[in-house]
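When the chains are written out, they are named A, B, C and D in that same order, and each has its own residue count from 1.
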Amino acid sequence: MSNYYGNNIHLNIFGQSHSQAIGVTIEGLPAGIKIDLDRLDAFMARRAPGQNALTTARKEKDAYEIICGLAEGRTCGAPLTALIYNKDQHSKDYSNIKDMPRPGHADYTAAVKYRGFNDIAGGGKFSGRLTAPMCIAGGIFIQLLEERGINIFSHIYSIKDVKDKPYELTGPFEDVSQKELPVIDNNVMEAMKETVAKAKSELDSVGGVIECAVTGLEAGLGEPMYDGIENLIARTVFAVPAVKGIEFGRGFEASLLYGSENNDEFRIKDGRIYTETNNAGGILGGISSGMPIVFRAAFKPTPSIARAQKSVSLSKKEEGILEIKGRHDPCIVLRALPCIESAAAIALFDLTI
Amino acid sequence: MSNYYGNNIHLNIFGQSHSQAIGVTIEGLPAGIKIDLDRLDAFMARRAPGQNALTTARKEKDAYEIICGLAEGRTCGAPLTALIYNKDQHSKDYSNIKDMPRPGHADYTAAVKYRGFNDIAGGGKFSGRLTAPMCIAGGIFIQLLEERGINIFSHIYSIKDVKDKPYELTGPFEDVSQKELPVIDNNVMEAMKETVAKAKSELDSVGGVIECAVTGLEAGLGEPMYDGIENLIARTVFAVPAVKGIEFGRGFEASLLYGSENNDEFRIKDGRIYTETNNAGGILGGISSGMPIVFRAAFKPTPSIARAQKSVSLSKKEEGILEIKGRHDPCIVLRALPCIESAAAIALFDLTI
Amino acid sequence: MSNYYGNNIHLNIFGQSHSQAIGVTIEGLPAGIKIDLDRLDAFMARRAPGQNALTTARKEKDAYEIICGLAEGRTCGAPLTALIYNKDQHSKDYSNIKDMPRPGHADYTAAVKYRGFNDIAGGGKFSGRLTAPMCIAGGIFIQLLEERGINIFSHIYSIKDVKDKPYELTGPFEDVSQKELPVIDNNVMEAMKETVAKAKSELDSVGGVIECAVTGLEAGLGEPMYDGIENLIARTVFAVPAVKGIEFGRGFEASLLYGSENNDEFRIKDGRIYTETNNAGGILGGISSGMPIVFRAAFKPTPSIARAQKSVSLSKKEEGILEIKGRHDPCIVLRALPCIESAAAIALFDLTI
Amino acid sequence: MSNYYGNNIHLNIFGQSHSQAIGVTIEGLPAGIKIDLDRLDAFMARRAPGQNALTTARKEKDAYEIICGLAEGRTCGAPLTALIYNKDQHSKDYSNIKDMPRPGHADYTAAVKYRGFNDIAGGGKFSGRLTAPMCIAGGIFIQLLEERGINIFSHIYSIKDVKDKPYELTGPFEDVSQKELPVIDNNVMEAMKETVAKAKSELDSVGGVIECAVTGLEAGLGEPMYDGIENLIARTVFAVPAVKGIEFGRGFEASLLYGSENNDEFRIKDGRIYTETNNAGGILGGISSGMPIVFRAAFKPTPSIARAQKSVSLSKKEEGILEIKGRHDPCIVLRALPCIESAAAIALFDLTI
């Protein structure tokens, strides 16, 4: 079922882009916890649009309200529900894309699945806006994971063909979240900005890759076969719109290596077993090895573009041209980092609680 | 939970490499179905070791026995359980790898997780042998999917740096399963064989990529967010040992494109809506578009190699050298195609039943 | 997990008695459905307190708001969330029962489970108030079940030792929901009222039994063993606070019969197979027989009483006397009928969708 | 799904009465555990038919074989599968009941559900024989629960109208499992035997009630609403064939009491909080109170009787008389105690692991 995740927790995301509110219910948080709301705000701000000139111009703060689940400021064992009210769902006309689905979007597949009753306004339940409640959950879990020494990092691995320096798979991992662009190598910022700006000026969009690392996860977590760490993180990461690929450790590149190159040899130091390299991305047989979990998620370019595109009128059953004027976010990757971190946090918090 | 999968079906795989038997229980098959056992045998044979000179020399037929779930040769609504008895679990000594985990294997992570009580013989529950019951389930589901016009294809996309011709994402997809090597371009066979033979002669191993396509899936299947088709297939594909990455449609390559290049424009012909290209791999918003589902799974090189490797004695807490003599399968990719097809079939049968 | 139910749907109830809001999220409603809000209001009104002199004096309308899940007044495939804002959560002091748990309530068990962080105000998440969102879901499902010819009836089977006429297990079942007291035999009303009034005047409370029947369910639904109709309905009915027993068909009484008396013999009329009697309550082997589903749920007397009771100070670890002044609902059974109907509807809608 | 149970464990029961084998797979047992097979045999023996003159004459030992899940005699983290081979599934003719369903059995409902493809031989998957693998799982869990100080007791509360002494709800609970008839009051044995013998001689059957108690469960377990202890135990107990009702603590009788009588007042002794009475059966708000869990399960009389009964020919669509000669078990309650204990153990082990 779609908007629901969890084995040990229950995470339930609801709302459409233009419904009265969107939100999330989280069940399974330990009782007695104080959520640092300032930190959660800061985390959410990394996802919000309008942060810089590169992203969409619309300035929007995702002001959430926790409507239950707390007592005297602490979690109380009851499910926690947080809402974000949609203030400006004005009467913009969406009838054009209701009839003529946007290429690359879920307009068509949703129309088929829900027999035309899907909410098209703003993308409905398929809107990237739904990553806001995902980040509320993720932001809370990240705080709780950190208390147990588990930290999640991410950086822009690439925007189109502009690549940042990749992570050393064994770590350490620099926190670049507060940089103007969250990259390791400051020298690539300019080229990335130009790439996005060019796409924007051409009414087009670009994609990219986000690399994410998790440190501090003890060895022995995860289950072989269907509930390995790869399986679980893949399931939560593909919930982030526009993700089309995921790889762990050396990932696809591992297919080019010899076994003798790819196998991570075991070492021991001060009684602690580790591996010299971390091509496995911290996962062997689905189970954490104690080394950092490292994965990369590939984003397709934002499907929303302002260029004219061929499409089909669902009512007239004929081909036509769709052109959508107005602001577009030329590169959602720039603000998708907290979504990917949240995806990892959701999978791992559920696994470790 | 590890060996269990299903939302609408219940699939439960059990057994260790050297336990008395391994097997699978499938609940949720429609009643009244006749399974074509000859076809299932043929499907299983593609996975079995010892098919050709390239794979491991050990000749082993996965003779399964269906011990319940049928009445008068047809499914009867009861769970179907199939067993494969392990005939030759002789008293080989595994104490060396029990104490000194093999790099790239789950020996170490299992030892931590199960506090040393894990079954090490033949890899225990982490053995590739457990893909045999996975293929029993997959092979049955494939038959049932075919009756509904859904077909699954796969080919070797690459072995190390030797690449086959990739699929045209819009199809059609040739059935290459009966070729000596399941590739589209016969000209690459020789280079692939040489690559594997070289690895073998050097006591080493190689990995590769398998590309898989599913045709005939109607539009509108799958759920947005956590139960999209990408999420579900990723979860079952990462259950196949050694898979370290997965991508759908253009996958990672999509991150290099402009939105205007990557968006699949809609067309209509004879009342049927389709897309001109299929960069999305048949999935938009997690939901099937009616176009073929195409994905690629990256395999790391087989971790079993005959070369000496550094490892650690768990008992003595000191470093040492591990050398494992004997036969090794230098490239499991060659016989992993039915496993990947099974993974797709498991996810899709569960989704569509 | 507590507040969550569903195999094919996702039902998620959240909120505490005095949190900003309580509510429910329902995922899995078919798209395109128009909910009859007037009927839902009427259904909810049967649960609301303050309906007559017998129940608690507090007048409270459960005005719910649907904040997402609809588009143009119809379900749109997105999860539907309905909220009931808690308007008057005034600063009443609950410190006494926080320290001294009320006998028969969950105060003590919640304090242990949530290590003292549980929300005690108004009973927190254990409040009967949480049956309001349960009834929103149930009321919607009842409408959808009715469209498929499935109807749910209930009546007060007994209040303390005052018994209504029981259902004929084979039906038909009279709709008594609009009577002043929902009983079949009007003659018992007076005695029931007196029983409740007497308990009230003595600062005490009484329990009772609700009998519920479901007609129109086709034969062949439900799964043997863990997901039989008895298992599923039992699970949802025990979610209604104060239920301590459930029985199907003849239930406990069947244990007093001979097999030859209890077995329902098969008959056929106009090609339709039915049973002469319905001691099985419409369920054989966990599967619906096509006869009406009939079950009874036993309610303990409302634990809230105004009498002084022995309890223990959790902080001082000493015994004491707890006395809670103010209004009490002397018999929750009177307004629990929609809750029981909702429980049946939740289990059956999930099973049949 | 039918034969599957578990939130934290995975329990999967498979097989039909006359399939090659029946069995159970258990995933989630801690690694490193030694199962006491002699005790498990003894536990299974209490369920086996042919124990005394009262039960069915057929002597049958449920010799199970553990085919995987152990390494060196201990659980190893892999799923444990145990099989019972069906040795004597001879070619008895079941075509009569295939066409003419037995009243009180699942023959008819299964025929509808599985469109006539259900396995009718010996009752197929609905056979009481499937409680044998249920008891393998239950017997193992009971051993593990005992190691944590949790004990499960049961006795025959009644056979038809002959009643044993009920449990004192606060305990202690005598272990009567080794008595000829597992009752507290030896004086009722004779009357029970006579009741069963009379039913047998009249080709009829009788039902009864089993009372079960669990001691040693700490306070604070279970979840409110859908996963309370009542919900979970009800779900596993209704999986035992012929159960038609369940009640906790005072159960239905509580509906006859005043709140002031039924509320269990809190006391404290040596720092330990307890209740003076245990009308709640150890459960408040779905959560364990630390007092013994006590429940009763009502069994309908065995539907198998040797008397002629009316039924319907499914093929001819006409009424007829069904008479089934041969041995019948006139009272399954006598050997259902380990099944009920197993049901409790399955629910509680899953909850507490």
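Side notes on the structure shown:
As a convention for this text, a contact is a pair of C-beta atoms (placed from the backbone, for glycine too) under 8 Å apart; a residue touches a chain by one contact, two chains touch by 3 or more.
These numbers were taken from a predicted model, which means no experiment stands behind them.
Path length between chain B and chain C in the touching-chain graph (shortest route): 2.
The greatest centre-to-centre gap from chain A, using C-alpha centroids, is found for D. Inter-chain spacing, taken between the CA centroids of chain C and chain D, is 27 Å.
Chain centres here are Cα averages; for chain B and chain D they lie 40 Å apart. With centres set at the average Cα position, the gap from chain A to chain D is 47 Å. Touching two or more other chains at once are residues 1-4, 13, 110, 113, 125 of chain A. Every pair of chains in contact is given here: A-B, A-C, B-D, C-D. Contact residues on chain C toward chain D in their complex (touch as defined above): 1-5, 7, 13, 101, 103-106, 108-110, 112-113, 125-126, 130, 158, 160-161, 199, 202, 204-209, 219-221, 223-228, 230-232, 234-236, 238-239, 241, 243-252, 254-268, 271, 273, 275-276, 279-281, 284-290, 298-305, 307, 309-312, 314, 317-319. Residues 1-4, 6, 9-10, 12-16, 19-23, 25, 27-28, 31-32, 65, 67-71, 74-81, 83, 110, 113-121, 124-125 of chain C are the ones that touch chain A when the two sit in their complex.
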